[in-house]
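So that you can tell them apart, the chains are marked A, B, C and D in the order they are listed, and the count of residues begins at 1 in each.
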Amino acid sequence: KYLKTLWLYQLSKAGKLCVPAMNVNDSVTKQKFDNLYCCRESILDGLKRTTDVMFGGKQVVVCGYGEVGKGCCAALKAMGSIVYVTEIDPICALQACMDGFRLVKLNEVIRQVDIVITCTGNKNVVVREYLDRMKNGCIVCNMGHSNTEIDVASLRTPELTWERVRSQVDHVIWPDGKRVVLLAEGRLLNLSCSTVPTFVLSITATTQALALIELYNAPEGRYKQDVYLLPKKMDEYVASLHLPTFDAHLTELTDEQAKYLGLNKNGPFKPNYYR
Amino acid sequence: KYLKTLWLYQLSKAGKLCVPAMNVNDSVTKQKFDNLYCCRESILDGLKRTTDVMFGGKQVVVCGYGEVGKGCCAALKAMGSIVYVTEIDPICALQACMDGFRLVKLNEVIRQVDIVITCTGNKNVVVREYLDRMKNGCIVCNMGHSNTEIDVASLRTPELTWERVRSQVDHVIWPDGKRVVLLAEGRLLNLSCSTVPTFVLSITATTQALALIELYNAPEGRYKQDVYLLPKKMDEYVASLHLPTFDAHLTELTDEQAKYLGLNKNGPFKPNYYR
Amino acid sequence: KYLKTLWLYQLSKAGKLCVPAMNVNDSVTKQKFDNLYCCRESILDGLKRTTDVMFGGKQVVVCGYGEVGKGCCAALKAMGSIVYVTEIDPICALQACMDGFRLVKLNEVIRQVDIVITCTGNKNVVVREYLDRMKNGCIVCNMGHSNTEIDVASLRTPELTWERVRSQVDHVIWPDGKRVVLLAEGRLLNLSCSTVPTFVLSITATTQALALIELYNAPEGRYKQDVYLLPKKMDEYVASLHLPTFDAHLTELTDEQAKYLGLNKNGPFKPNYYR
Amino acid sequence: KYLKTLWLYQLSKAGKLCVPAMNVNDSVTKQKFDNLYCCRESILDGLKRTTDVMFGGKQVVVCGYGEVGKGCCAALKAMGSIVYVTEIDPICALQACMDGFRLVKLNEVIRQVDIVITCTGNKNVVVREYLDRMKNGCIVCNMGHSNTEIDVASLRTPELTWERVRSQVDHVIWPDGKRVVLLAEGRLLNLSCSTVPTFVLSITATTQALALIELYNAPEGRYKQDVYLLPKKMDEYVASLHLPTFDAHLTELTDEQAKYLGLNKNGPFKPNYYR
């Protein structure tokens, strides 16, 4: 989804976008729920259902510290894993440090880790060279983007034997007997081997529906052939619709407070760029 | 700082801004370090130095779940406090729910909490009515914005006795003997009763210096009399300068990966609105 | 297992134990792994596989704060649930407080919680009266002891309809349409709906095997018709056998240090009662 | 205190104890509060007050994973530090692994860590050899036992310069300019540079008072010249006296439940060895 959004912006930049588009992926509620909060749970679920691995004490490397990576890291740290992070973006890298994860290059830890998780949105993050150096029993899976992050094609060579041990679980066996446990053939673990809670679907569907309604109802000229972020107020509306589930009670601004902050009492409460 | 930024935007909107301005407060590194990461530590430090309170088992209400509130809540939860949150913004409210905090209105918990912390950037969040209903020994402090959040003036009435028990610590005593422990007379706890780590100062100072250099060096016309966010690339530069402190090793994109993502290998790595 | 151990002690007290018995359940490694560390993972696994519930923001009550309860509470807190605890033992109760959980009686929260988990080792902890007052969709499950903790028999009455919605998942439907989601018909969730990691089995099996070897090899007279705790040194031996899995490096005492502490360099390192 | 208790047992073993003694140090409430819960807070407090260090991203090694070590590790992990643990006891070592800490020997990490904390109860844990290899600015402190854990005497040599930079803070300066930050001259950080919450004092004082009352009131012959653990029921009584502080509500056993468990409704609720 991150990449699809990038493509939208590239299309727009190239003048090839023929309708207005709403970048719902980067609305706050969508981002946080579909990525951070959902993956925090589905990484554990996906790994358990496929491998029954115990998380406590395991060494794990998570490639990418965006919202998905943050969710995976938080969950595994809480379960007692020792988590390493790789990043290309210094801002996300610094966040990983402050959250208590050692920032490494993949080759520094690839021999010692028990689990490798990709969440970069990139391609060829885990290539054959790394797969060759993993230890016996290492689990490899992808939480990021389609099926490009792990170079699975490089494992389709004559000297390696594939053994399907269970639905969505393959053992790839090296000549010396070493086994790497590949989940979902490198496709998305959270879609293949876990479930998406209805609550998350509701957030996403509501966001998309409101975006379509906005594009449809907008007075002519409000949106051109470009990519737009969901207006903050709608993002806030999606959130407010889901608060009663948690019996959550929102505080209202007094007139005096709204005036002091220069805000409308009904929102939007934050500038558009706020995340 | 949040408010000062709001004012900048209001000045700009009113056409009264006479020079270009850089909103450094909302650069990612500045936000996260000065607010989230720094306050996560200084809330504990400020409370300990002034009151020696034990955090374990204490009931705490945190007003506001922006970056400062998120930092305070995370720290206190980790120390074994039971934390309640108040919010006006449904997006932040939903985040509080997902992070495991009950979202309440202040009046629902004001009688039972041991500590009240304001981080809203707003005024008159804790008013006399609430102070009257707090229990004996309740600690009240402000982590948010100047000295407006707690209505301290309302406590300067004849029936209440003030007793200075230590530097920055006042007991306000009700006629029935109830004491409320007011810290720093309602001014900022983290500035008055805690210290700011040099690392955080370094992040902030670097960000400000780079913003000034950018404004000074920019070719004529790049910046008008408006408010600008720090260019993403500079934000990333600030972060990268601070990574060696943690012996953190950044991964570099391969040419193939950079092409796939449509990114320059040296950044910026994220769209400008990314947080 | 807790109860079976209690029974052993009762048999012994009544003079009815006809062979020496080893209380392996209370050896430290067995306790921590089979109960605390294993349940910390299996509570999440069991709930996800049966109900796909999202943990974030959910209100949960955990009955009992022994090792199993501690594991369940830690896991759910980390996943963003709001957790309440009930206890009969003031020591465990105080620990729950210090770990950041509100200690309540079941009737205080039964109307508001989304999930009820029993881990008491007791009987009739969740009785019909409480089941009647749960809200629609409330999930009820047992992590504690056999099938006695939830009074399932009380739900077999004509006015309630049972609907099997999936293996191990029943909806019990009240006349007004309210549904309670009962897992594993009140039997142990971790055994019925989750898996036990091989690592935990290895700990348990090693402990049991060593206990049997000790009883078999012991010189006559070392053990009478009584219940014994596993000798500390064996407990330590079980642990040391499992350290290489984590590439964990133990420090050795110097002669000088061993002498200072009055310990043998090869253990046991703690008094027998140490936990 | 751990050591003093060891000595009591050694005196008793040697037949040199001339009065009955109560080992209050190992009562559950005393252990958990004075060690685990108190140190979880005072390690942060002591480090902040003396050094203003930012915890986020720092690499820390904690020597010893008993109750004190567990508290220190939990607090620093929660604040975003990367924590390594050293241990001699395989049981505690395995617990460290399951809690997500890498178990190392001190020499594996001594060059890279920012903070060294001793909590072993042992002597000469941090010796000159290690101090020589620490990096510039490394902070060294003792949370364990009197002043023996860090070999401070070895730093009183002509080639090293001592500089007192603040109360309780010394810079020890190597000929090449490297500085090691020694806190409290190696004495207990929590006693020297932090405060003990009144709540913890209350737990400890109550436990000691009850132990004395029990020894004084006990019928002749109940206690011989030996070391005894505080009777479970008194331990529970201490805990129950402190529950109202947290507005904590204990559940009572029904007659039927008490009978099922073979327990008295008023306790003790656990066998004596239960921790």
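Details
The rule we apply is simple: a residue touches a chain if its C-beta (ideal position, glycine included) is under 8 Å from a C-beta of that chain, and two chains touch if they have at least 3 such contacts.
The model shown is predicted, which means the values in this text are computed figures rather than measured ones.
Of all residue numbers that take part in the contact between chain B and chain C, over half occur on both sides, making this a same-residue interface. The interface holding more C-beta pairs in contact, when A-D is weighed against C-D, is C-D. The mean-CA centres of chain C and chain D are about 26 angstrom from one another, to the nearest whole unit.
Note on chain placement: the centre of chain A and the centre of chain D lie 40 Å apart, centres being C-alpha means.
Of all residues in chain C, those that touch two or more other chains are 37, 56-57, 79-80, 97-98, 102, 246.
Across the interface of their complex, chain B is touched by residues 3, 6, 9-10, 26, 28-29, 32-33, 37, 86-91, 93-98, 102-106, 108, 121-124, 148, 229, 235-237, 239-240, 242-243, 246, 248-254, 256-257, 260-262, 267, 269-275 of chain A. Across the complex, chain B is touched by residues 37-38, 40-41, 44-45, 48-49, 52-57, 59, 74-75, 78-80, 112, 194-195, 197-200, 245-247 of chain D.
Across the complex, chain D meets chain A through its residues 56-57, 77, 79-82, 97-102.
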